[in-house]
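Some notes on the structure that comes next.
Letters A, B, C, D, E and F name the chains as they come in the text, with residue numbers starting at 1 for each one.
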Amino acid sequence: MAAMPGSPSGINREQAFAVAQQEMEYRVDLFNKLAGTCFEKCMEKRLKEGDLNVGETSCIDRCVAKYWQVTGIIGQMLSAGGGGVAPR
Amino acid sequence: MAAMPGSPSGINREQAFAVAQQEMEYRVDLFNKLAGTCFEKCMEKRLKEGDLNVGETSCIDRCVAKYWQVTGIIGQMLSAGGGGVAPR
Amino acid sequence: MAAMPGSPSGINREQAFAVAQQEMEYRVDLFNKLAGTCFEKCMEKRLKEGDLNVGETSCIDRCVAKYWQVTGIIGQMLSAGGGGVAPR
Amino acid sequence: VEQMQMRDSLRMYNNLVEKCFSNCVDTFRRKTLDKDEDKCIRRCAEKFLKHTARVSMRFAELNSGAATPD
Amino acid sequence: VEQMQMRDSLRMYNNLVEKCFSNCVDTFRRKTLDKDEDKCIRRCAEKFLKHTARVSMRFAELNSGAATPD
Amino acid sequence: VEQMQMRDSLRMYNNLVEKCFSNCVDTFRRKTLDKDEDKCIRRCAEKFLKHTARVSMRFAELNSGAATPD
């Protein structure tokens, strides 16, 4: 999914558009899953107020960072051992 | 997402179609989530028969009504405080 | 969704393509749900190793077979009693 | 539009299978359903369909603005 | 692209409603929310939106490669 | 078709990450994985992939009508 510097002129606009669209769908899906998972992990069940408290806020930051790290590890595993599926 | 009376003639058919399609996708998604949630909340776990009993039936009716109400409350919050996302 | 032998010449390529695409989306969705469900049912929670053990492997085989059977039973119910929704 | 309805029906069917399978099947000593599992699946599917029909009806009422008192 | 953003907003809105409804509403003796449920829904939605905003911020940082030390 | 396969791969990848993260990560005192979490993630991913491969094989058999006796 990386940018393709110096791509051959043969590739046409439609294809480039389709690839960009998939890249975006992938990121949206990733974001939604990440947000949903960290919500489950970090939000206190008892809703005493509408604000995020300090504990929740730092939990979110770490949850996002760890999730990102897992994305990298599994991406590497897939591209190394794997079946060609190797998104960033 | 409301109907747009007297929309300028500049809007073309394709755009109108795309908007209608999104409106429909939104409603289908809403319906599916609502149905799934009320199924979880209202169906008795022990399946003694294939029919809905009286308790389940009235639970469904109230569940749908409350879900609809929540849709309204959150829609209002989003359109008031929020980032422009304000579907009905 | 069955193959349509001797379909009238009136059906055009675009429609045939759309039907084939839906068929495929349906199968992908079925596969994903099946795989997710059998993962939940069969994988031991404690991850002692990356391999599937014997119990897990035979659990998967049976889970897939039973899931397939359920697909058939419910498909029949829908096509028999039902509202016209009768995919294979 | 027709195609969207077809797609939604197929998705509903997949959801129905998944939900009833998850509710009713929990042992994997054989590769065919036993009698209780079979019965449970049929009840579950029947109930799911009746549930969906009821929700559809109420949902349509609300969409058309015909809210009724408690 | 604009249409995709619109679609994502609508989906987010549906997710928000589903999550807060599931968290806050558990009794079905009436067809309107009681006072506690109403309060719970509003807090939940507020929290969900703040949560989403925070995640967005961090996610954007990571996407742009600006990872910060612990 | 190629694009659909690509999309499905990406979706599978997202599902895999979500599932293994949910299973393996439960503490948020630091912003990097500790050793046990890292090990758990790798096992989980490996297992998930083997599971998917096995299901694919069986699924393909059933789709082609080659059901085998118990």
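By our rule, a contact is a pair of C-beta atoms (placed from the backbone, for glycine too) under 8 Å apart; a residue touches a chain by one contact, two chains touch by 3 or more.
These are the chains along with the protein names UniProt gives them: A, B, C = Mitochondrial import inner membrane translocase subunit.
None of the values given here were measured: they were computed from a predicted structure.
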Look at all chain centres (mean of CA atoms) and spot the one farthest from the centre of chain C. E
Comparison of C-D and C-F by number of C-beta pairs in contact, larger one: C-D
With chain centres set to the mean of the C-alpha atoms, which chain is at the far end from chain A? D
How big is the gap, in whole Å, between where the Cα atoms of chain A centre and where those of chain B centre? 28
I'd like to verify one number: the distance from the centre of chain B to the centre of chain F, where each centre is the average of its C-alpha atoms, in whole angstrom. 32
Chain B-chain E separation of Cα centroids, rounded to whole Å: 16
Which positions in chain B are in touch with at least two other chains? 34, 42, 61, 65
Show the residues in chain E shared as contacts by 2 or more other chains, in ascending order. 11-12, 15, 30-32, 42, 45-46
Given the complex with chain A, which residues does chain E contribute to the contact? 1, 4, 8, 11-12, 15, 19, 23-24, 40, 42-48, 50-52, 54-56, 58-59, 62-63, 67
Spell out the part of chain F that touches chain A in their complex, as residue ranges. 3, 6-7, 9-18, 20-22, 25-26, 28-33, 37-38, 41-42, 45-46, 49
Complex contact set, residues of chain A against chain E: 21, 24-25, 27-28, 31-32, 34-36, 38-39, 42-43, 45, 47-52, 56-57, 60-61, 64-65, 68
Complex contact set, residues of chain A against chain F: 18, 22, 25-26, 29-30, 33-34, 37, 40-42, 58-59, 61-63, 65-67, 69-71, 73-75, 77-78, 82, 85, 87
